[in-house]
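Next up: some structures, all given as structure tokens.
The same chain A turns up in both complexes below, where it pairs with chain B and then with chain C.
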Partner chain A sequence: MNHASLLTRESFIELGARARAHALLDPGSFRELAGPFDRLVSPWLERQGVVPQADDGVVVAKGRIGGQPTVVLAIEGAFQGGSLGEVGGAKIAGALELAAQDNRRGVPTRAVILFETGGVRLQEANLGLAAIADIHAAIVDLRRYQPVVGVIAGTVGCFGGMSIAAGLCSYLVVTREARLGLNGPQVIEQEAGVAEYDSRDRPFIWSFTGGEQRIATGLADRYVEDDSDAIRAAVQALLAGGVPAAHRSERYAHYLQCLAEYDPARQPEPETVRAIYAPGAKS
Partner chain B sequence: MSTSTSTASAPGRGETWLAALTRNAPRRPGYPATVQVADAELGGRPARFIAVVPDAANAYPRVRGGEVGLLEGWSLAQAVHEVVQADRDAAIKRPIVAIVDTPSQAYGRREEAFGIHQALAGAAGAYATARLQGHPVIALLVGRAMSGAFLAHGYQANRLIALDDAGVEVHAMGKQAAARITMRSVEDLESFAASVPPMAYDIGNYATLGLLWKMIGVKHAAQPDAADLDTVHGALQAALADIQADPHPDLRSRLGGQNRQASSRVREVLAQQWQD
Partner chain C sequence: MEQLQFEYPAGAPASQRVLVGVVGSGDLEVMVEPGTSGTTTIHVTTSVDGYGKVWDAQLSRVFGAGPRAAMRIRIHDFGATPGVVGMRLAEAFEALGTDGGEQS
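Coming up: the complex of A and B.
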């Protein structure tokens, strides 16, 4: 990257959820649904001493990408760590359900999900978990008709039940700052001990769950710079590519075959995973 | 439990109920010791029963307690996709019953390194696909239904049925882990959680969220007798009939619960504003 491009590029990571949705949608096409003025706040946070937010940390934006109808679902990592409660979860699930319904009625609406989330909001525990199950259901429904593209830009990353949602997407875009994993590092250390997983060793964490490792091991599809133009171009190209022949989550035979090569008596290194999941070995 | 297991611990609830409901049908070959798959009749028709079970000698240390890990996630996907593929051209699709007693997803380095999130997506996606293809999918909660493990095994079902028993719990994080992370005792956590319905661990509070289709009383949840089996078989067949009478293969029947009103309200607002 030369000086000129460094000066002109816009960092995507530094943008909030609403600005990220604006950056991806065709100019002038952004329209927010169930927004801050619709008074859909969490009914559970205030009684637990947490100040709620008018959009519950999720932006639903309808518009167009490359001229085609698209809904962008952007999670605000700055509100409660991007955690999903009842309202924010229902916004994502409900919008995906409507996009699938559009397709059944002949309108080819696609979806883009901007993941920036630790998963379930513990203050709304079972309602967050249920909403995430609804999100999984809706992604699997919609991806039969149109691609669902996930973007993990950073810096929160994508964890918990929403990492499963990322695994259900048709395509995933990651940056170097992205992390993708089921369990947050602190929880693993807490449960399994520091020898298993040192949550304070940042290079260690990124070497296993960072964007660079996930792209090298075929668990993501595009690796991009932290640049709004680059991310928009990647998303647009993936949407234009249509529904993949097989989704990554359907390739159980391939992954079981790969895992048969791994000896679980030894803790893996990042290189172990790269060797076993090498993209060349894809069936 | 697998024959390689050296400890003589009694089988868990998942294995006990799977064996009882299938009259101890042979387990399908080709699966790890932690994933038990059996084909048996339900209401006079073939059905597939699936449970994730403990295996004290498992080569992956973090799944020995019945947690859902890498091989479990992908093997659940296999067990479900097998049925979907076999019934591809069948007019009537075979029911799938997920028997749920899972303490959590597996927490470990091996798991994160090889993408446990993707393995669990494999399982969740398979169950959702089966449901959308017309397979009646029922989850029977006989023990713990925790977090990512429940998302992978059970939560995509058309109908959720739970035993009305203190050993049946649904939550986003296991009680011990949540207590450690919030620095409370388990007792303090339980009493606090009981005052906020979605935070509670007990199945009675969970029922107020509207997600369960039915809660059923049995006398011996850990070791069912003949009457308990009749009760549960009856509930499974009633669920089957309810699914078959429902024109929608999605999860909308879970909406409307007393303590889940905002989920419906958000959908109403989105639907009103959706059209350009």
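Coming up: the complex of A and C.
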């Protein structure tokens, strides 16, 4: 990126969840459902001494992208690490289920999920996990009719149960700042030891879970600059592309075969992972 | 975590509702809705205990300075400094309109 484009671009990463949804939807089409004034706050956080947020960290925005009906589900990474509890999880799952219902009634509603989440909210434990399972089921239901596009912009990234949700999406858009992984770096360090995985070594972490690596290994579909216009264009193009012939998660047999060829006795390098997944990397 | 309540005299109800900010580290969320004519109520939930006097001093200065529209304000604070609180309130008033959103 040169100086001129750095000055004129609007950073997507620096936007909050609501502003991100605004940036993706066609101008004037944004309509928030189950919004902050509807009093759908988490009933569990205050009881545990944690300050809640009026929208529980999830924005459900109905509108249009490229003139077509679309629902954007934006997670606010600044609130409790974008963690999903009962209310925020239900907002996402419910919106996806309604989008699928729209399709069964002849309205071709698509979905875009803006992942910025560490996964389940530990204070809401099983309720958050149940909600994330509902989200998984709803994505698999909706993607039969219309594409579900996931965006991981950063800087929180996408981890835990929601990384599975990202894996279920029809298409995934990432930036250089994005990270995608089942376990977060600190969890891996805690379990495997600092000698194997140093969570403070940022280049090391990004070399395995960063957006660039995820594109190179075919686990994401578009690599874009941190620029609202570029991200909107990528999302719009993927939505217009329709449902893929085979979703990534439907090609699990191929990925299992890739993993079977890996020798766990050797410490992997980022290049090792690229080599293993290279045959599966979609063009 | 601590809950605080404040009340100030005000004018006519605010003309609309506004949400600014985020419950992120060192930040806060301010929700403004039209209040009942003549009174502004503020409900603060803050993650930092023992700062009731600081909230009282700051809010009294902001809402005691002159007539503002009547608002029902809900604040979710996650350790914001008084400077950040002041900026978020100013942002909310700006979104309401220059006169603080009083209905004419």
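Here are a few things to note about the model shown:
Here is the rule we use: the second predicted complex is superposed on the first by the 277 of 283 C-alpha atoms of A that agree within 3 Å, B and C clash if a C-alpha of one lies under 4 Å from a C-alpha of the other, contacts with A are read in each partner's own complex, and residues count from 1 in each chain.
The rule is short, and it goes like this: a residue touches a chain if its C-beta (ideal position, glycine included) is under 8 Å from a C-beta of that chain, and two chains touch if they have at least 3 such contacts.
Just so it is clear, the model here is predicted, and its values are computed rather than measured.
Partners chain B and chain C, brought together by superposition on chain A, fit side by side with no clash.
Of the two partner chains placed by superposition, only chain B is touched by A:Leu129; chain C is not. Once the two complexes are laid over each other on the shared chain, residue contacts for A:Val50 go to chain C alone; chain B is not touched.
Of the two partner chains, chain B is the only one that A:Thr272 touches; chain C does not reach it.
Set side by side, chain B and chain C differ in how many residues of chain A they touch, and the one touching more is B. Once the two complexes are laid over each other on the shared chain, residue contacts for A:Gly16 go to chain C alone; chain B is not touched. Taking Cα centres throughout, chain A sits at the apex of an angle toward chain B and chain C that amounts to 110 degrees, reported as a multiple of 10.
When the two structures are aligned on the shared chain, A:Tyr262 is found in touch with chain B, with no touch to chain C. Once the two complexes are laid over each other on the shared chain, residue contacts for A:Glu86 go to chain B alone; chain C is not touched. Here the smallest spacing between CA atoms of chain B and those of chain C, following superposition, is 17 Å.
Comparing which residues of chain A touch chain B with which touch chain C, the overlap is empty. Contacts from chain B toward chain A in the complex involve residues 59-62, 70-71, 74-75, 77-78, 81, 105, 107-122, 124-126, 128-129, 131-132, 147-148, 150-152, 155-156, 170-173, 177-178, 180-182, 193, 196-200, 206, 209, 211, 250-251, 254, 259-263, 265-267, 269-271, 273-274, 276. Those residues of chain C whose C-beta lies close enough to touch chain A in the complex are 1, 17, 19, 22-25, 27, 29, 31, 33, 45-47, 74, 76-78.
Partner chain C is touched in their complex by these residues of chain A: 16, 36-37, 46, 49-54, 76, 78-80. Against chain B, the residues of chain A that register as touching in their complex are 31, 33-34, 38, 40, 42-44, 47-48, 60, 62, 86-87, 89-91, 94-95, 97-98, 119-120, 122-134, 136-137, 140-141, 144, 160-161, 163-168, 180-183, 186-188, 190-192, 196-197, 208-209, 214, 217, 219, 247-253, 255-256, 259, 262, 264-265, 267-268, 270, 272-273, 276-277.
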